[in-house]
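The following pair of complexes shares a single chain, chain A, combined with chain B in the former and chain C in the latter.
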Partner chain A sequence: MIRRQFLLSATAALVIAFPAFAADTVKVGLVLPMSGPFSQYGQQMQNGIKLFMKEHGDVVAGKKIELIVKDDGGIAPDRARRAVQDLIVRDKVDVLVGFTFTASALAAAPLAKEADKAMIVLNATSSGITAANPYMIRIGQTLPQITEPAGRYAGAQGYKTIYTVVADITAGHDAEAAFTRGLKAAGGEVAGTLRVPAQNPDFAPFVQRIKDGKPDAVFTWLPPGEATINFIKEFNQRGLSAENIVMLGTGDLTDELTIEQTGEAGIGVVTTGHYSMAHKSPKNQAFIKAYLAEFPNHKWPNFMSVSAYDGMAALYRGLEKTGGNASGPALVEALKGEKFESPRGPIEIDAKTRDIVQTVYVRKVERVDGTLANVEFQEFPASRDSASQ
Partner chain B sequence: MASNILGILFDGLAYGSLLFLIGVGLSITMGLMNFINLAHGTFAMAGGYISASLSQKSGMPFLATLPVAFVGAGLFGLVAERLLFRRLYKAPHLDQVLFTFGFVLSSIAAAHYFFGAGQQMGVMPSFLQGQIRVYGIDLGRYRLLLIAFVGLITLALHLILSKTRFGAQVRAAVDNQDAAAGLGINVGLIFSLCFALGTGLAGLGGALGIEVLGLDPGFPLKYMVYFLLVVVVGGAGTIRGPLIAAMILGVFDVAGKYYVPQAGAFIIYVLMIVLLLAFPTGLGGKRA
Partner chain C sequence: MSPRSSAIERLASPRPRPVEVLAWLLPALAFFLVPDNLALGVSIMTYAVAVLALDLVLGYAGIVSLGHAAFFGVGAYTAGLLAVQGWKEPLTGMLLAGAVSLALGFLASFLVVRGKDLTRLMVTLGIGLVVYELANRLSSVTGGMDGLSGFEIGPIFGVFSFDLYGRTAWWYVYGVLILVFVLLRLVVSSPFGLSLRAIREGVSRMPALGASVDHRLRTAFTLSAGVTGIAGGLLAQTTQFVGIDSLSVGRSADFLVMLVLGGTGRLYGALIGTTVFMIAHDYLADMNPVYWEFWMGLLLMAVVLFARGGVVGAGRRLLQTVKTKFARAAP
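Presenting the complex of A and B:
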């Protein structure tokens, strides 16, 4: 009891003492999946943030940046909401950064809106989520944004029959719709659609069905992990690649984190995405070199660490413009229409939707210097999420 | 058309084989020992990690890692049984469920700590990749291996349980523990060995399954339904029951997904309900 009273008074003392420092610090609350099945994503993001701060210092516009990390455990909107509530009420953070999944970002949005806090969303990929909070900025990607170019690319190749295979969940339906939209815009049409269970131990029957249909190309969206790895392997084992059926997908199909597990079977898969480790730019080469030097025991950087790196870049740029004012309205106003160079290429924050505008690349899996890589060969510059406009 | 149907049948049998391989060990721990063991997936995962680590780190050929996965998971099971599980043999079923489920959650956290959250890589030798054409039907080589293993394991288990002294002791201990102990059979040891055998088979199934099921720390939870499905539909405590159940479920699941993909995800569960209504104690079950 005495101990508890002591703790309480100590906390009270901290709270009273706090405003004296508040003027010189900007507290950043990070909501990341640091445990559970998606902890690799959380780790990637944390690494990206650490790397940016190591390179650019922890003082911007006279303010010291202080990070407070909260774990939301993956796809758990209730935990994300609780984390955000803690960060706002107890830790008194100024800015919220993170949010890997749409459900988490949407659960947190009303709280952040009420408290006038800016939210810098690093991944959550459903269309139009920035409408949920006027101080929300998305820096990562949207699923339709990176999917539609796959349809446009397929349409331009003159494939006669194209199938789509997607997981029977919202993200899968969104991908199917965006691909079909892109394909139609390029004058093509989908010959057959297949929706498969998201949790599916064996893809053999679905892959066999595709094989018997003899399409020229197949577009795929499945939850990244064992499903994507298994599908690519089965596709290869059943000789679909050998029959020159082209597999198309989005960047997460051949993400840097799983590309090795897929192995040789993945060679030739064509995907559209916003970041590849093989992106040829001095900025990206410097980023990868610094990342691998800083985190030698971790896997390669993927799009998650890049978007976290860019999220911090956006925050620093915003604070410089506002002279250190981290309130939601000021920060977001300053960032509207902001353009800068990321390791992935040029990016922009749309002035109206506060959503990411970026180049989407068409890439093919090839072996480069002994390692598998997504080699970019075509660009769709200034791509937006057409579903939310 | 005929070759098409035969191809589907083959894929179904291969998928059924996979279900049998990951589930048969549970039929032993749960069925013979009447112990509700939800932690089966943990031992399967252990076997998977042993196989994946050996083939990735020390370049051991995939097939050579399989016996190690069997023995390793079996030893892990033996130790766990001696230290933990045996304390709950006489406990109510709910306690067993809670304990083994807690064991699963701990094992997920442990696997996460030691191996990270990522998917492990299965290193398949080239002679197990691709398909071979037999009388106009394309047969996957890896799938042939799965079917061959089912044959081997079924035969071996049948011989062990019905032809050896150990098997006779197991059957005696299962039927009447007190009488068996009175006849001088070391029932505790028999149960430990049974548990080791069941968990060893789980490990073998986990290692064989990496190529299709993948392997990450979520494995024991992700596939729990499938282990239970095979044993519940087949009837715990037999080898024949789960074998027939796995094959029926596998063939119908694959055929359903091929011919009516819209309904693909449900077929296996509908079938489970129908089979359980028709055979409440399982296809091969003598007792509930």
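Presenting the complex of A and C:
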């Protein structure tokens, strides 16, 4: 770690010392949560980026790619904004990559727009955010995109009563709406909705209420991390799994890291998501092998690392097409409608909305060869950010 | 008369000393010396306005508030929502932000003055949490967790438009900071300000002098809330974004830490504390994006342990020591 940091700063020092090289480099500003409760995500993303650059070299279209990392500290939009302002004004970056949370991406959007910088958004998931900046591309996921298929799947299963449990914040409300929309499209109906405070992860009363209602299935969206782990455990402890109540959710509910922490309690949870470590494709197997070899201490490459890996892939493809021109308008024009194979499966950047189009998989948590995995068993190909259509 | 009376006279006088005028030219100088760091400068000065306001209630009136982010955020949302509705003129927007927070502060002040320190801490914390949750619930208006965005701010005086580098924002916030400082300086050196200090030092004796304690505390709290709202308005206008974190308890705690770091009850402590905190934060986070919080914590602990009265308090003591040493050396 220290040596890597040293190398980074050494390269930075070199570049400052020899500004003559500047014209031959493309400076990439990374805005990631490197500290605070979401630092795990930042680390995953940084790993994905480093892995891609190790595999594909740091020169593309005759330009050397140079990274400058800034910490946005999690959900702190004004810090993200200042980081972006510093990157543009002080560090003179050409492209901005990162943005884990919608608020950060939206706070940075007007600046990037004014400076004609492309923004490659790796995760921020609220619907339709690419409208905030004509040079914004989203490569990760959108919340409605991965949530609506959960509703469609539930509708097709013929569950009689379905409850929804979501965190009482914007993303929770959006997830509830998208799930209900998908369910209605498949002819189903939500029997009861529960909204739980995001700040207070004591789920016992809520889980008990679900148990008393005896539904066939429960759809859940909670902020990833402590809340999801506690909910899954509580659900299992109160015997809801034993009563065959199916827990449905989105990919972040059973993210590779989370299911490792919930253990047996997570088995049987059905989620819809865009990436599973267990995705069966040669590309994914190669990705995981390379990732584990490169970062033996980070055992669980998840959707964050894949999205960062793909973000760099998109940047490289764009630069190749523009012959190294990294300006926002050129880069984004080149990437509109771009299709390529990612470890998660085929992905496309919508030509009109610049938003991600991808296959959403229905997966179930199972034990495979001794480890817990999200095993994919159904596909919703070419899923879009459904709320903005 | 002992030399102490001159000190008291100076305490009560709002007139600036020459060294102060020079000190106030430093930010202007920084504009030209570090033109690449304007964004940081704008942030520092914006928060400094809020921390100055907090100093009025904590440093002078002795009320510990963990809810000042409520007024800060309400100011920010007011300015932001005005701009969303098409009210793009920045000066009136900022003043309205202050006015709305002032009104909220006035209502809250009745609750705050009841009870003693710990009760006040709880009440202000409660106000902060209630306002935060309201903003979260009213996400159709405030944007909830995604924040309020997509608004533009018109040029100042219809001439100076906000730019990418933060040049206009810099002079705008600098100007407001000076005005706020002058206002607060006048307030704290007025009889009213002196009575606040008297309340802080001996609350039970004040009624004996025929002074209404509650009334004075309410006035101070209301004024402080209004100024904090102005800071929030500045944040919204200079960043074209309002995040819900501007209402969070964490933000209130940051204000408190900045103030204690610099030293309470001096106004300059607020300015220096904010500057030191923000620069250290920026510098450490750049140096090591992963573990910078460790160094930040160490710095704060060092100040609390070794620099009583914050940076300003320690500086003053150091100056005193040097002076006495010299006085002894010279026969």
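By our rule, the second predicted complex is superposed on the first by the 367 of 389 C-alpha atoms of A that agree within 3 Å, B and C clash if a C-alpha of one lies under 4 Å from a C-alpha of the other, contacts with A are read in each partner's own complex, and residues count from 1 in each chain.
The rule we apply is simple: a residue touches a chain if its C-beta (ideal position, glycine included) is under 8 Å from a C-beta of that chain, and two chains touch if they have at least 3 such contacts.
In this text the structure is predicted, and so the values were computed from the model without any measurement.
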Which superposed partner A:194 touches (first chain B, second chain C, both, neither): first
Which of chain B and chain C A:260 touches, first, second, both or neither: first
First (chain B), second (chain C), both or neither touched by A:369: neither
Contacts of A:168 with chain B and chain C, given as first, second, both or neither: both
Which superposed partner A:202 touches (first chain B, second chain C, both, neither): first
Which of chain B and chain C A:39 touches, first, second, both or neither: both
First, second, both or neither for A:243, with chain B first and chain C second: neither
Partner chain in contact with A:78 - chain B first, chain C second, else both or neither: second
Contact residues of chain A, present in both the chain B and the chain C interface: 35-36, 39, 168
Chain B - residues contacting chain A, complex: 4, 7-8, 11, 14-15, 18, 112, 116-121, 129-131, 138, 140, 142-143, 211-218, 222-223, 226, 253-258, 261-262, 264-265
Interface residues, chain A side, partner chain B - complex: 35-40, 168, 194-197, 199-202, 204-206, 208-209, 212, 225-226, 229-230, 233, 237-239, 257-258, 260-261, 263, 299
Residue numbers on chain C that touch chain A, as the complex places them: 36-40, 43, 136-137, 139, 143-147, 149-150, 152, 164-166, 235, 239-241, 243-246, 285-286, 288-293
Interfacial residue positions of chain A with respect to chain C in the complex: 5, 32, 34-36, 39, 42-43, 69-71, 73, 75-78, 81-82, 85-86, 88-90, 102-103, 106-107, 109-111, 114-115, 126, 132, 168-171, 173, 198
